[in-house]
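Look at the two complexes coming up: chain A is in both, with chain B in one and chain C in the other.
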Partner chain A sequence: MEILAVLILACPLAGFLINGLLGRYCRNYFVSIIACSAPFASFILSIVTPYTSAKIFEWITVGGVSFDLAIKIDSITQVMLLVITGVGFIIHIYSIGYMKGDPGYWRYFAYLNLFIFLMLLLVMADNLLVMFIGWEGVGLCSYLLIGFWYKDILRADAAKKAFIVNRVGDFFFIIGMMILFSWSGSLNISDINIQTSSSLTPLVCIFLFIGACGKSAQFPLYVWLPDAMAGPTPVSALIHAATMVTAGVYMVARLLPLYMNFLGVLEIIAVIGAFSALFTSILAIGENNIKRILAYSTISQLGFMFCGVAAGSIKAGFFHLSTHAFFKALLFLTAGIVIHALDGEEDIRKMGGLRKRLPLAFWAFLIGALSLSGIPPFSGFFSKEEIIHSTYHIFTRFMSPAFGYLITGILLLTTFFTSVYIFRLIAITFFGIPGTQKLHRTDFSMNFAVIVLSILSIFGWILVNRWDIPSQYPQFLLFEYDIAYSPVHTLPSLVALAIFASLAGLVVVFLSFGPLRKKISELLTTKIGGFFNKIVTNKFYVDEIYEYLFVLPLNMIAFVLWYIIDQVIIDTVLINSSSALLYLLSGKARKIQTGLVNLAVAIVALGVVFIIALIFLLKHA
Partner chain B sequence: MLESSLLLLIVFAPLVSSLLLAIIPGLKPSFVKSAGLVMSVFILACLSYLYLTYHSQSEILAFKVDYPWIKQFNIHIKLAVDGISLSMMFLTSLLSLISILCSLNSIKDKSFYILLLLIETGMLGTFAAFDLFLFYIFWELTIIPMYFIIGIWGGPNRIYACIKFIIYTIAGSLLMLVGIIYIALSGNTFDITQLKGLSLSTTEENILFLLFFIAFAVKVPLFPFHTWLPDAHVEAPTAGSVLLAGVLLKMGTYGFLRIAVPFFPQAVEVFTPFIMILSVVGVIYGAMMAMAQGDIKKLVAYSSISHMGLVVLGIFSLNLISVQGATLEMVNHGLSTGALFLLVGIIYERTHRRGVNDFGGLASKMPGYATIFMIIALSSIGLPGLNGFVSEIMILLGSFQGSYKLAPVFACIAAFGIVLSAIYMLRLYRNVFFGKITVSQYEELNDITTLEGLYLLPIVCLVMLLGVFPNIILYVTQKAVEFII
Partner chain C sequence: MTKYLILSSLLFSIGVCGVISRRNILIILMSLELMLNAVNLSLVTFSRYRLDLQGQIFFLMILGVAAAEVAVGLSILIALFRTKKSVDTIDASILKE
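On to the complex of A and B.
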């Protein structure tokens, strides 16, 4: 059975190697057949492979410690495997049409396969250090694909920003691993999860969580994700919506037994998750770039997942992770169709009336939007319900009622804003006055992918519900958690409230584009309204704050230090002045020595004389 | 026995051949070049053989050679290798071969290749010598040829650079010489394997340690003894930079491992906090300096200071994981930084420029070059899966558990180097490779040639191989490191 698990990894790696080494000499259809069959094969293998674990080889061995390249498939890994290879495969298919005619066709598919390989390694790793290979590796793929059209320097900048912000997170990840290792002597996940905790454990949990914030784009490390939209749209769908950004959620879920020891840490995660969810849903309302709106939406939905996991409910978190992968990939791919049809236009203000001109895109986007905003009976509704319920039950009972109400309240409010931004997007893009631009034809492969994801966004919840996601880690959870959390424990009032929030958002959008249109624009011209408008459309100036707080000072300090310490103090004051002194003292000798070589010979001769003198001393000692 | 004579041959063959090439009159440059190439390929092959046979040896010190040399002072020609020397010698022979290959087109003078062979003996000898006097001779033997290489074939400001280089390093090695003679006086032996039995007073030990420490620290170079390095690198020809960064700097850290750490345990304990501070400062400071540079070679030079600071941190944390990590990092840094200098050399040869902002958009004109540069840059910033990460994480994991009470703090600060290295390296990559071609004459640039590919390929392969199978080296160095600490 181990061989199957290894094959899951080997397929996309082989795809990467074939396309990476030979792709440039091959025809495009060959490249796409290789590239698409890799995740498809892994998908089939993921379905048939039973839970298993395998040690492939010893990676680093020092003394008695060994970091093995070991993999393990259990229930939550399997969910990830199905999402990564399944959604990954659909997006590969879509890419065939989207990237048609691009000179970097083979390069694109090679990167995509490499990404699938590293993402699978991340979720299958049974050792934190091995997980870190995947963790930084997918970051590299993200870097390469964001900057895929590197001739545009702004895209290259976005890629660099993504990598560096992620590196900040990874720095904390590494610190977390160092502390963990110093106290437990192992980085095997199976070992870590059965460790009894020490006083340093909360610190480990927090540092690892900051690492997760980097990868999963949570506050305050979310700033790279909106910029990452510079990459090709299928990449945004695959990496920056469905899979890579969920790695942080996965990591916390994977180590949940460790986190469970400290309710305080779980509270922090819930607060960060809920705040990120709310904050970015507000930012999305003020944004006019179709992909950036979806990027903020992704951050917001990841916040939901963190809240679910922080409530100890892996089931809620992973349920939402899966349905989100369906509907967010759908939204991105449909946005891709729109952008493709409009020849690269991403500003929704320059779109309009596309409902009639791109009917398939309209209906697909609407399905995605309904699912995202949590309106029944679409998939998103069920998973969001699960999260809101588990946070409500667990937090009110185990933290404090006030905390429970706060988090649940924020999530409900976010649901309202979610509905506002996504229907605003639909209203501006698909309704209104149709443009007259000539539309590019959509490729069949793109339509196919969108149709499959539409079906999943509606009915996917039935499928996911049948997956074996553990509702909890039975042997590790406190006994009380078992009682508190049970899926049938549904509060009708909470469900009603959530549906009400979603519908309210829809109504607000309808009103503001219909009867209240004038009132709204008047409101935005008043002093207070204008102030809020300005702040939101400028994204709360977070990028600017970071620029002045970190980026500029760091560069300034580097330059000043270099000038003062290296140039002035060490070189001028210490070195050059002492050599000038020698120069003065040896003024006479200098006249004899006419060249550089003479100086060298003199130094060597001096050395030799010195040695001989010392040896004589030695002899007589 | 065969292996022992092979070791003797490895160390002295380049010396003999360089002397012959220098003495015989009327040799054509092309003959000297090919003789040098044949010699370095031969040495590399011999070392690969020794590397493969080493693990069947029962003792840590293998392939011993011992001939009395200057009898009245008990000085021997004593050569041997352990796992650390062997991996360093392998790196040396590889980079020596590559440095000849990378000069073939640009440098025509015979004497250049003769000097390269001379340096090769010096470097190999330093790593194989187990007699202090011999060690010193080999150590010096690397400095003088390097001085000429920078001074004759260097850039416009070469005189300043090479004088700075020689003053720093000669000053350092004279201090070491004093130390060596003092040790020989008190123990009546130059044999490194017998130094453990020295009975020294605390003061003596501290002073001796400091003498050696400064000599090695200048070589590494450890902050604040580092300012010779950027100047030397900027002015040196590509081959000089490759050997300097790839091997010569490691002689300093090798000296720590071979002499300073094992033989002065009390002094090490006294000075460890101080050295750890210097090395951590070096890690951060070197990386910050790299951010401030406008010259690619200077940037790489400062990044070396940062990485070598990490090596010293690993060594003085004195536990198995960190010291193993440090030895591995010595090899890894030699590969990645050596390759970076080669890459800078390639673009400099074509354009006669190497400013961070002189280029732009090269990825579209030189895709092969851009790919290799990317792989090497990622190795240098420690991307997991490539070689640099393994050694860096080992140093960090190990030094976090160092015996000194502030060790965890130092390890955390040093870890921040990974963020800074990503900043300067990716900024460099963006400026050089991304965007549109800025200067019209760069439209004509050719991608890497077969020769360039030939000497970069082994490094790229090793970078990937050692990232996945670092045990190839760790198994060999294990016993030697255990013996030292």
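On to the complex of A and C.
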């Protein structure tokens, strides 16, 4: 059965190699067939492969320690596999329509398949080193795909920013790995999960979590994700909504038995997750680019997932991960339809009244928005409820009640803001006075993908909810109450509060665009209102802060090193002047060569006298 | 003995001065010969006063060498004359900077 597991990995790899090497010579038709069949094959295989582990080969053996390229599939991995290959397949189909006519068509699909392969490697890894291959690899694919239209310098810069910020997280990940290895002598996940010993282990957990922050765009390493929207929209949907950004959540979940020993670390994870969720949901309200709003939304929902996992409820975190993959991909792909139809326009202030002109996009977007804001009976409602319930119950019980109330309160507030920003987006984009420009025709493949994802956003929770967690994961927290969504153990008041928060956001948006429109614009022109408006619209100036804190000093150091040390000191002072000096001296010394024979003989005679005198003196001294 | 040695060193220095300061190559060659013979004189002096015959035998060797050297030197001079049409050292100073 191990061969099936290896095949899951091999299909996208083969797709990448074929498309990458031969794609440029084939017609788009063949490229898309090969590229789309790879994740589909992996999807079918993921369904039928039983839980297994396989060692592909012995990779590094040094000093008695060996690391293998080993993969393992258990139920946590399987959820990720199904999400990655399933949603990935749908997005591949969508890309056929979206990227039609692009000269880099084959390159795009090659990168997409490479990404799927590396992400699968990440989730199937049995030791941290193999996971790190996938980790770095998806960061690389993210860079390649964000900067897909590399001739535009802004897009290339966005790709660079993504990779560099990601790298900061990776640095901490590596250090955490190294410390862990030095203590336990192995990087296998099963060996790590029984480590509790030294006092440095909480530090290791935090370092690994910082790595997860970089990958999953939590505060303060989130700045790359909004700019990453420079890539093609299906890339944003796949990488920056459904899969790569969930790698951090997956990693924490995998190592949860280790993290469970240190409740303080879990508290930190919950705090950062909750804060990122709240902060970016506020930022999303002030954004005007449709993809950037969705990007902030992703960061926000990832914060939810981290809170769920930090509460020890892998089920809650992964339930939300799956439903989020469905509705966020739906939102992105629908946004892609809108952008494609308007020939590249992404500013929502330039859109309007698209409800009548793009009906499929409107209804699909509405479904996605309802799912995102957690309104029943859509999928997002169930997963969001799960997370809010687990943070409430678990944190109040196992940490301090105040902490539980705090986190749950922040998450509820975020739910409110989530409704606000997403319905504001719908109001500005789809309602209002329609424009008159000609709309680009939408390809059938794009519509098909969007319809499938809409169905999943409504009913997907049924598929995901029947899932069990492997037994080696600590059940003691879950023991206390059954996380399966059943009315017996849920708190009706909490459910009501969450629904109220979601609907309140909807009502607020309706009011501020309807009856209270004048009042709101007056509010924005007052001093305080205008002040808040300015801060939020400028993203709380975080990018500028980073610019002054990190980018400028680095640039100055680089300038000093390059110009002053390399060019001036080494090149001019040391090398050029020493050679000039030598040239000068030898020019002077050259004049001794007169060629006069008599002079030569005289010097010989003088030399003889000198030597004799020397010998004479040395003998008698 | 001292008198002969003083004579020998005087002759040697006259030879050195000649080699250094004369411009005609033939004269330089003659001064060179003078230097050689001065050394010969000191050799014979030492032989006479140490009652050892080796000095005089060595003198004969040097004499032979001097003869051969003059032959070679004169042929070089003739070769130089053929190119430069002069026996002045100034005309041979072409190894300039």
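Rule of thumb we're sticking to: the second predicted complex is superposed on the first by the 537 of 621 C-alpha atoms of A that agree within 3 Å, B and C clash if a C-alpha of one lies under 4 Å from a C-alpha of the other, contacts with A are read in each partner's own complex, and residues count from 1 in each chain.
Methods note: contacts are C-beta pairs under 8 Å (C-beta built on N, C-alpha and C of every residue); 3 or more make two chains touch, one makes a residue touch a chain.
It should be emphasised that the depicted structure is a prediction, and the values quoted were computed from it without experimental measurement.
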Which superposed partner A:A496 touches (first chain B, second chain C, both, neither): neither
Which of chain B and chain C A:L552 touches, first, second, both or neither: neither
Partner chain(s) touched by A:L21 [first = chain B, second = chain C, both, neither]: neither
Partner chain in contact with A:I133 - chain B first, chain C second, else both or neither: first
Residue contacts with chain A in the superposition, chain B compared against chain C: B
Contacts of A:A402 with chain B and chain C, given as first, second, both or neither: neither
Contacts of A:F181 with chain B and chain C, given as first, second, both or neither: first
Chain A residues contacted in one complex by chain B, in the other by chain C: 596-597
Chain A residues touching chain C - in the complex, by the definition given at the top: 590-598, 601-602, 605
For the chain A and chain B complex, residues of the former touching the latter: 58-63, 65, 129, 132-133, 135-137, 140, 143, 147, 150-153, 156-157, 160, 163-164, 167-168, 170-171, 174-175, 177-179, 181-182, 554-555, 557-559, 561-562, 565-566, 570-571, 575, 579, 596-597, 599-600, 603-604, 607, 610-611, 614-615, 618-619, 621
For the chain C and chain A complex, residues of the former touching the latter: 16, 19-23, 89-90, 92-97
Chain A-touching residues of chain B, taken from the complex the two chains share: 72-73, 140, 144, 147-148, 151, 159, 162-164, 166-167, 170, 174, 177-178, 181, 184-185, 224, 227, 230, 285, 288-289, 291-293, 320-321, 324-325, 361, 363-364, 378, 383-385, 389-390, 393-394, 396-397, 400-401, 408, 411-412, 415-416, 418-419, 422-423, 426-427, 430, 433-436, 468-471, 474-475, 478, 482
